[in-house]
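Below, subunit A partners subunit B and then partners subunit C, in two separate complexes.
And now, the complex of A and B:
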């Protein structure tokens, strides 16, 4: 059995205006199906323990979370080691539904951007209104970071979690590093 | 810059998050159609000044297709609506008429 590793081996940088870090291994299960069907709702809420997220939002419960990706797609986050068992439970619960649940943990990379200027770093890279009253913890946004697709949310104030494709992890880390380089603060969200 | 609202996921974003899909409400003419119909289906496109209807895809977001009505001169977006339709909804056409009286676009007005 090969040893699982993250895309960049836990790269980090904290000499800039925000702290960047590649997250450790994160279990992710992608679910496609009719999100209004009660069997699908039940399968994901019981597998995650979190409530069904509303459009464009994320719900968390302990170390698990449910992210709303599109009207027919959810992303379930859970500990990396728990993916197999969680997926088995979901497959059993979804046996009679037209739905697809797949382990995508190793196809994605995850980053954390934190600090008082984290909003600024993200705003430099994505076409999203990140003003403190417009983008708040609990919201989940699929968009782009510079030239690649990414999704992010705020687990708490002054911190972002970013999910991107694993093959683009180096690119994402590099653009984040540039956006957070020392002295590059714009001060747009601070008085 | 165009600012579009995706009717599928409710996100409002500028055009770099989307991908244009060309003219809306095309009727397909395939095998068995006359050559004139096939030619117009394949090559003939509207190139209007002002009111225009287009298909767009929320490429970096939810990934879904939708329709948008916009003005080609001012980039004003009159509205967006679901992809699963063969014509612009009545309320949107009325809204456009208020802002651009006497507009016509292909068979719609």
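And now, the complex of A and C:
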């Protein structure tokens, strides 16, 4: 057994209009099931401590969160080391339900884009209305980033967390670098 | 001469002089100039040669409609052809070259064509180059290629960067003239989120030049005032140098922003393509003045009246000392007044109209002492590279010259055409306005959204409201409409009142003089850029090209970079005349985006160089790269083709890797293979439908190879399925098949079997997977230590969870090579560490990584098929002898019914066999076997083809697989495969399993 590593070993860049950094290891559990079933709701809320998220939203409690992925899919975030234990609890709670909970922590890479121009960097790559009155902390968006699938949310104002597939981590870091290149501020969002 | 005046030039910063180069000549301009105004200020009226006749051409316009002033700009990495001088802002160090001239702009050999113009009429190319056919390739085409095109193609890689930007608003206003400004203000006052864009670097459109007052204030001041108001509103975004390029369905607009074209020294991207979603769009795109068709209207010095006014007022540039104004409307009088007020001479205004009484404009002209000749026209312009005078005639006549007037410039105005392009892009219709003789938007036939509602409103001159007072009110109305359409409450507000003088009606003039003979008509240009004259359009009509779309293509009227912005209306009016029809009956050609050409770079956005396409990398990618991997693209993945060592070529490496996997120990990065978890009470039933085999009977802990077919019966994927527990399966797909098959599963689950209890998750990237292959495979794992991997504990086609070398692993005992083989999955974050550990324990066991080519050879030696080689979308499992994998016990599976169709059960279908060349050489991949006789096309009858072909180092000869007519029944027969360069290969039909037919090597 050796220490697990992230896709890019913690790459970062800070010479453009926003700060880019690969996040450290993040536990992620993908859950598919009937999100209206009480057993499913109970399993995910008790495993995360967070409330059931509404459509297009993320709810967080401490270092755990629930992200709404689709009408029958959630993504549970937890510390990387806690995935095994959390998954066991969910499997127990879901023993009698038709549901699929699976560890996808290593299948993903995660990035943080931050700074006053972070919204602009994201709006260059994703077809999402990122105006401050339209996209706010608490929202969760499953979309695309340039040519690849991605999901993102704002842990706080002026910061985004992006999840993408691990194999595309280098591509995502590279397009973020291009989108954040010096001199590329757009200046459309009220500051 | 054109020159810079001592005073004037409202857009200039005369404190800042700039230097630039045109055709190698160093010239000076000012900050605020366009390249066009700076050229004129340097008396550089001649800017190019025309496309067909190489006639000398000067500036005609001052904006986006300019057809002549196109130059090659920059050099090397910043070189760009066809840059319009009128919309190019001057910067220090700009370099430009005129186009389509040889050897020089002043002396062009091709100008001989102008004397041959009798022989180069409309449709010349079609008529001339049709016959005789053999001349096309060697004579005509090279000639046309050499003479075609305006600018040069860039040769160097583009040095700049580009980007996209997604933006959303309630109301988008395109055009920052007075109508657009007013529309934006009115809409913004309701609280709507407004985006206002202007293609140029200045607000106000024509307003500040054309003058007039708004609420008693000069237009220019009103523009400043409204801009400062809009700037303070948080719901308004203002962008200059951003052109509305195209309007598409659902309120989608492409905006083209030029960030650094005016200041190349700035950092950052050069262009930004805005991808805008607007609730409602206001097109306040203004109007374009039309030229008048008279003989010699293309001689440098003949210019649109409004353009001449722009150069004078905006840039302090006079086009000539003595300017004859020729018009059919009052608007052109403004040019005469401005010239006169600047101290320049206007010898005469030739006004084609005959009016009962003078309009205020005429009165003012006379008061200024300008001679006004009503009912008069230009018979012809004198001069070649520069206007020297005009011959005056009656508009009503045939061109008999009444007098000659010396001048060095002609200002012409044939009336104004609204810019209806953006209105029309998405289906907005037009109506013909008889009074103003132009097409304008038909408000009852606007572009419609999903609910049948109008989502575009035209405003101001773009809507036919040409006068200041009308344009303001129209803009205000459009702003209200747009806000209301997006759900905002509109309060009654007062609109500022514009004041512009009363005008006499214009008179349509489609030919000057109206009875001009053929000699004059063949010198009266309609389309400057494409050298189309009145006579050409008339000829097209005469030859039967009556549809406006046909006439356009036959004559090239309205083609190329300006897309007929000046020529369109005059051209179709001429066509209507020739067809004895009306203009609305003839109609317009189709307006298509973009409004003016946009850079290819802006369309590509960030997608170039390293990020042109996403490349998928496995957790061990960097290791492979550091160890000589030559890459093979498989889907978006990059897989090592072979690991080439020093002193080896690629072929050597492949041979070495292939041998080593059979003799010692090979490692393959198999992480790219798709892994789909399928779970639920109905998972077994579901997989029975998806695979041709029976999967529901598989026992937990076991693996089974399966085939997947489309509904039409064709093979689409294959792979090993492992049953994890009663409810759960893990399905391996081909590399690059994971997403496709995941989607395939979801589609069936969501549309057809929505009531089945099955969930699917794609966990491909959760794992790094390594195939440990070869006689030493077990020894290697035993050296790692941990779980029991003996034959008894983990038999062939079984899997188990456990630990190896401290890694948490899932081990599948499966083999795509025919060797003893384990495929081991670990969490991706530990993939590299696990690979390293295998390299360490394998050191004494002869370990070598192997790439995809060795993988291919190993599987071909065993006669294993490969999706994409043995299959091509037309192959069914039965063709490949895979009957054993097609369950006969199942009632149904995807493809079953299709495979029972007569064509699928036809014994004539080509079937899979092995092929061995008699010489031991390698058959060319894809080669066809030929039989007796010929087909209907006189080609030899084809009876088979090679699907995979390699040199097998383990067998020491070429081996191949192929699909052959009656193949399995013809064992031992020798077929002929013609290759390239006259070679013919002879190959014997054999069993496709070349190596270890009984499978003993894997079963140890």
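Simple rule for what comes next: the second predicted complex is superposed on the first by the 188 of 191 C-alpha atoms of A that agree within 3 Å, B and C clash if a C-alpha of one lies under 4 Å from a C-alpha of the other, contacts with A are read in each partner's own complex, and residues count from 1 in each chain.
Simple rule for what comes next: a contact is a pair of C-beta atoms (placed from the backbone, for glycine too) under 8 Å apart; a residue touches a chain by one contact, two chains touch by 3 or more.
Predicted model only: the values in this text are computed from it and were never measured.
Asks: Can A:32 be said to touch subunit B (first), subunit C (second), both, or neither?
Replies: Second partner only, subunit C.
Asks: With the two structures laid over each other on chain A, which partner does A:95 touch: subunit B (first), subunit C (second), both, or neither?
Replies: neither
Asks: Of subunit B and subunit C, which one touches more residues of subunit A?
Replies: Comparing touch counts on subunit A for subunit B and subunit C gives C.
Asks: Kindly classify A:143 by the partners it touches after superposition: subunit B alone (first), subunit C alone (second), both, or neither?
Replies: So A:143 only meets subunit B here.
Asks: In the superposed arrangement, which partner chain does A:116 touch: subunit B (first), subunit C (second), both, or neither?
Replies: neither
Asks: Which partner does A:70 reach: the first (subunit B), the second (subunit C), both, or neither?
Replies: After superposition on chain A, A:70 lies in contact with subunit B alone.
Asks: Could you say whether A:168 touches subunit B, subunit C, both of them, or neither, answering first, second, both or neither?
Replies: The answer is second: A:168 touches subunit C but not subunit B.
Asks: For A:127, select first, second, both or neither according to whether it touches subunit B, subunit C, the two together, or no partner.
Replies: Both subunit B and subunit C are touched by A:127.
Asks: One more residue to check, A:103. First (subunit B), second (subunit C), both or neither?
Replies: The second partner, subunit C, only.
Asks: Which subunit A residues contact subunit B in one complex and subunit C in the other?
Replies: After superposing on chain A, subunit A residues 127-128 contact both subunit B and subunit C.
Asks: Please output the residues of subunit B touching subunit A within their complex, sorted ascending.
Replies: 8-11, 13-14, 16-17, 60-64
Asks: Provide the residue numbers of subunit C that touch subunit A in the complex, in ascending order.
Replies: Residues of subunit C touching subunit A: 161, 163-168, 193, 234, 237, 266-269, 272, 275, 277, 606-607, 610-611, 613-619, 637, 677, 679-681, 757, 759-761, 763-767, 806-808, 827-830, 832-833.
Asks: Within the complex, which stretch of subunit A touches subunit B?
Replies: 55-56, 69-71, 73, 127-128, 141-144, 149
Asks: What residues on subunit A touch subunit C, complex-wise?
Replies: So the residues of subunit A in touch with subunit C come to 1-7, 25, 30, 32-33, 72, 98-100, 102-108, 120, 123-131, 134, 146-148, 165-171, 174-175, 178-179, 181-186, 188, 190.
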